[in-house]
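Take a look at the structures listed below.
The following pair of complexes shares a single chain, subunit A, combined with subunit B in the former and subunit C in the latter.
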Partner chain A sequence: MSKKDTIAFEDRIVGFPQLGNYGIAIAEIAKLFGKKVILPPPITKRTIELGTKHSPEGVCVPFKYNLGNYIELVEKGANCLIQAGAGCRYGYYGEVQKKILADLGYNVQFITLNRVFDILGVYKKIKSVNPRQNAWSFGKTMVLVISKLWAIDAIEDICRKNIGFEARIGHIEGLFRAFLAELTAASTLGAVMSVKRKYSRLIASVPITKPYRPLRVGVVGEVYILMEPFSNFYLEKTLGKMGVEIHRFVDVTSVIWDSLHWRSYIKRQVKKARPYLTYDLGAHGTSSVAISNHLMKQGFDGIIHIKPFGCLPEINAMPMLNRVSRDYHCPVVYFSFDSQTSENGVKTRLEAFYDMLVFKRKKKRKI
Partner chain B sequence: MKKIKCFLGVDIGSISTKAVVIDKNRKIYASSYIWTEANPIQAVKRLLGNIEEQLKGKNIEIIASGTTGSARELIGTILNATIIKNEITAHAIGTLHYHSDVRTILEIGGQDSKIIILDDGVVVDYAMNTLCAAGTGAFLQAQARRLSIPVEEFGEYAIRSQSPVKMAGRCTVFAESDLVHKAQMGYPREDIVAGLCNSIVHNYLNNVGKGKNISSPVVFQGGVSKNIGVAKSFEKILGLPIHIDDIGHLMGAVGIAILAGESDTEKPFSFDIKDINFTTTGIECGGCANNCELICVLREGKFMDAWGNRCPNGIVRAKQRMKELSTKSK
Partner chain C sequence: MYNILYAFKKNYFMHTQPIVGIPRALLYHKYSILWENFFKNLHVKVMISPLTNKQILSEGLNLTIDENCLPMKIFLGHVDYLQSRVTHLFIPRIASINKNEENCTKFWALYDTVATSFPEAKVVGYNIDKTKGYTSEFLEMMKLGFQFTKNPFKVFRAYRKAKAADADAHKKKLDQQKIMLRKDKDLPRFDRNLKILIFAHPYIIQDEFIGRQIINFFKKEHIDVIFSYITDPEKARKASKSITQDLYWTYHKELVGSIAMNRHLVDGVVYLAAFSCGPDALVVELCKRIVNDVPSVLITLDELQSDGGIITRLESFVDIIRFRKKKLSKRA
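Now for the complex of A and B:
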């Protein structure tokens, strides 16, 4: 680390890229990296414009979103940025973004947690930038962070499954916003748990008109696009509101949990994806196939596969998904997202997808 | 005498705009096919003029209308349509009426191409081209201009060819440089045109049709289906007979007209719409940093609807802004 790279702990203003609604949880861990933390401004068109302008053209779109976030964070005063990294090209994100930001003349400290999959690794990383960090408060923070992430995932899951059937439109969304606000304020494990309990009860008691067997659609694919609704044009919400129960199995909780024992996780996923796979596809490609296979066995009505344009692990998964789809007579639609995909195209395809599911159901009923 | 109740279907594509009027027995009373010329409102007005002309003297009353195609929401609002549906469903419904046993619908239009797989009269799978317009009508049109052959005669050139040249079909830019190269090498134009038709088919099958189970009967639709060269290439490459209807280019409009007829609601429709002044204004919302670009439709200066907002505040703001604008101009 060169001298210019390091900023004293007291002067650090930490920023991290936006990811769905997880910002409030990630902020807790970011506090360990510096004195002050600023939340990333919500992703807007400007974010992606900035990101695209300064990114290599062919890079996958999460990189562009992240970079746009960083630039906006720096504009707001951040001087210490955090990036993680894992399996695929994501592993190079940190280094390349650090270089780009330096070339742009931003004087920031860039901390990468590349391939840090265990709690101890995170602790070591924090210790290296903040030697005064003690293990006890680190542990306490981690418990809080993970419980918050888990609470968000649990509540989001209930919302996804019910949003298309609420009697009063906007009811669940309103509750969800209130939940996020209360969760932000929660500062102990107990508080998080009680907020989570309260809202799962509240959302469960929202009057809904769900048929006995609603249309069920599974969403699989690349992690960032799955979790950041802006980047997928609110695909889940749009489809859900047409009257579909949306199921998603990849969220931050699952990603963290699985990366703690990645090897055995992949082994299990390959097993689940049999007979379509015998080897790992890299990143979450394997789980896309495994989850689809699993869902189709359960008789789901359709699968939506989403990925950034040019995402190799997910492209690897597509031929297998085609096979799965043919064998189970269950449609799979593919969406590729980039910085310029028009919203209309996504909407048209989703509408057609919904129509198709409805027609198929009607036919089944006739038989 | 009692008036015959009819349904109007309008399909506003990127390149062409189509309309049909059918009755409940799906008999076509009037149809029209014109270029959109990037002005859907004007195109629809001209289209309605055509239709009205054709319906003159016939004792017909239109009780429901539907819109499909990429400008379906805009035109649907203007026409006060009974139903607004995506083009994939519309094409499937239209085709099923003429070929109840169809299993594969290949559709190549101006800007997009799609494949629809049906099983026993139900759509079971579909795909649409994702990011690029290669392998669509726009590509053929661009190449036709370069060869200075009218795009309508393209097919005839192609079937005269004995040995089509190989052409890169992946990307319009690559194909174009291939085309220039082959032309400068001295290949006859017939072979080049036939090569282009083959490259469209390869591109389509590799992009849209990838992994799809294409089985007979196959129906080929969309503007490009009028190109006999492409149809012949499809037959050769797929090894399956291809059906092409005379009204293949109108199928989306027929489908949406059928859907409009099947919906139980009746909305009166009048041809006066073509004399009403519709304007669209693009504004930037400004409600947050996202700055959604909103498109507002105004009927005689009065706000009708707006699109493009990513949150519910958009419409409210659009209404306000339009009011401000109109009071200012007064």
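Now for the complex of A and C:
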């Protein structure tokens, strides 16, 4: 980075792309990069249109979402943008997006945390853009950020499992929104913990009518599409409201935790996927196979595999998932999301999948 | 009982006379001399699948989904051709050959994809993955050799001979290209023959079905073709830093480096990207935006394309380059 395109710390208005409900936690770490922070505007049709217009056609859809986010952020006044990078193609997003934004004529400072896998690397990066940063306040912020991410993940997990069975429709969703509002205000570890405790109790006490053995479906696949509900057309919520217990094993907390000890994590995942895999497939393809293998042994009713169009690690995992499906006689449905995917197509396929699960359950009971 | 005996006999004789099948796709175009010589010096019969044709491609299309990249579809077609004709399928896994660098993830999964798609076939290979720690090509090839012979010296000699042959062939190709680049250096700038750099992987440009027609077209037009994959890898990787810093795909780094080294010597760049190739989509975009002093064209290849469409686009591109050169020479 040349010295020309750096902006002084006091003048920086930091922006970062949207990622599910994690915006409030990521904002805490963004505060270390600049004086002011703008939360990304919610993703709309315009975002994806802007992103598609300026990105290469063959690239996977998270790139387009992020680029659209950046353009909207710059329009709102941001002048310093953050991008992380790891895994398969995601590690190269930053440089290309920086060039595209520069060619569009935006005068912004673009900071990439490219292939930084540990907290020390993050600290070094922050130190390079903000020399006055001290380790103590960085550590405090990291604890706050990670605790917030963890709290969001924990509450989301409870919601996901119960949302289909609530007695009064919209009860849990309302509680979740209140939880996010309170979490935004929390500024210490203790406050985050107490908010989390309070809402996990509240959500657990919501009256639900769960059958003895509900239909259970596991969702596996690519990380961004899993975590950003707009990009998968609220697939989890739609299926959950039909009366299905949704289980998901990949969230931000797990991604951060796994990336800290990536090598041993991959080794364990390959072992879990044993008859189907001998080597690593790259990014989260390995864990997609490992988790589905694990789910089948637990007796789940079905698996949903979601990925952006052309995601290579997940395409690599598909032949193995086919084998898993054949071996355990269990349905696996594949969804591929692009800027052109229509919401109705996804909904129709989900309904058909649900019907199939119900029929299968009935047949099993008769036998 | 008879069945068991028969199966044993069959297996026994198959074991004594192994035939190793190498699909003529993907990394074969990069490591062909190394692999062929290695097995030849081990006295193991090798069968290489024929040049890609329509039937092989259509077999490959049946074996995978549309989203997968074109070279992968061709690769699976070749494997399908081989699997009934050989005893061993040779599918190495070359995931990362340099530290802090990777190959595209499709190379990571080749072994497992073939092993799951063809459960009856016996798959052999070697694994080079520096993201997981220390691995050396020599030790892995030794391990591979022991599956066919028990004599370590034989394997060692086979590896050394194959490696020497590989280095020789690469040097020969490099020298040829160097001569082509410098042959008319003494002529005035605008009398030189047209030179076009092709940014493409060997498994795309050297493939009979998708890339060969493009080379043939340039030959017919009497244009010198320079392949970006024929470079000194070390130099190219260093040179690529002038265009991109964060790039971590080894083969793409070499291609980009070759553009950085030769951009002032050529009249045009042709980017050949395979449909839905992950790294290509990003790298080509960045290259096109940064290397803007040379005329360039991006051609995306897929299985549905007709030959006429590509040739027409190339013809118009060549016309533009010729026109530009004429204009520049008049001005000079």
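To be clear about the criterion, the second predicted complex is superposed on the first by the 367 of 367 C-alpha atoms of A that agree within 3 Å, B and C clash if a C-alpha of one lies under 4 Å from a C-alpha of the other, contacts with A are read in each partner's own complex, and residues count from 1 in each chain.
One rule holds for everything that comes next: a residue touches a chain if its C-beta (ideal position, glycine included) is under 8 Å from a C-beta of that chain, and two chains touch if they have at least 3 such contacts.
Model, not experiment: these values are computed from the prediction.
J.: When the two structures are laid over each other on chain A, which of subunit B and subunit C touches more residues of subunit A?
T.: C
J.: So, does A:Thr348 touch the first partner subunit B, the second partner subunit C, both, or neither?
T.: first
J.: May I ask you to decide whether A:Pro41 touches subunit B, subunit C, both, or neither, giving the answer as first, second, both or neither?
T.: Only subunit B is touched by A:Pro41; subunit C is not.
J.: Kindly classify A:Met356 by the partners it touches after superposition: subunit B alone (first), subunit C alone (second), both, or neither?
T.: In the superposed model, A:Met356 contacts subunit B only, not subunit C.
J.: For A:Pro319, select first, second, both or neither according to whether it touches subunit B, subunit C, the two together, or no partner.
T.: After superposing on A, A:Pro319 lies in contact with both subunit B and subunit C.
J.: If you stack the two complexes on chain A, which partner ends up touching A:Pro331: first (subunit B), second (subunit C), both, or neither?
T.: Only subunit B is touched by A:Pro331; subunit C is not.
J.: Classify the contacts of A:Thr253 with the two partner chains as first (subunit B alone), second (subunit C alone), both, or neither.
T.: So A:Thr253 meets neither subunit B nor subunit C here.
J.: Contact-wise, after the overlay, does A:Phe309 reach subunit B, subunit C, both or neither (first, second, both, neither)?
T.: Once the two structures are laid over each other on A, A:Phe309 reaches both partners.
J.: In the overlaid three-chain picture, which partner chain does A:Asn69 touch, first (subunit B) or second (subunit C), both, or neither?
T.: The answer is neither, since A:Asn69 touches no partner chain.
J.: Which subunit A residues contact subunit B in one complex and subunit C in the other?
T.: 309, 318-319, 322-323, 336
J.: Considering the complex alone, what residue numbers of subunit A touch subunit B?
T.: 41-42, 44-46, 170, 234, 309, 318-319, 322-323, 325-326, 329, 331, 333-336, 338, 341, 344-345, 348-349, 351-353, 355-356, 359-360, 362-363
J.: So in the complex, which bits of subunit C are touching subunit A?
T.: Going by the criterion above, the answer is residues 64-65, 67-69, 93, 95, 104-106, 108-109, 111-113, 115-117, 127, 129, 132-133, 244-248, 273, 275-286, 289-290, 300.
J.: Spell out the part of subunit A that touches subunit C in their complex, as residue ranges.
T.: Interface residues on the subunit A side: 55-60, 63, 85, 88-89, 91-96, 99-100, 103, 112, 114-115, 263, 266, 276-283, 285, 309-313, 315-320, 322-323, 336.
J.: Can you tell me which positions in subunit B touch subunit A when the two form their complex?
T.: Listed in rising order, the residues are 70, 85-89, 119-128, 130-131, 210-211, 213, 288-292, 310, 312.
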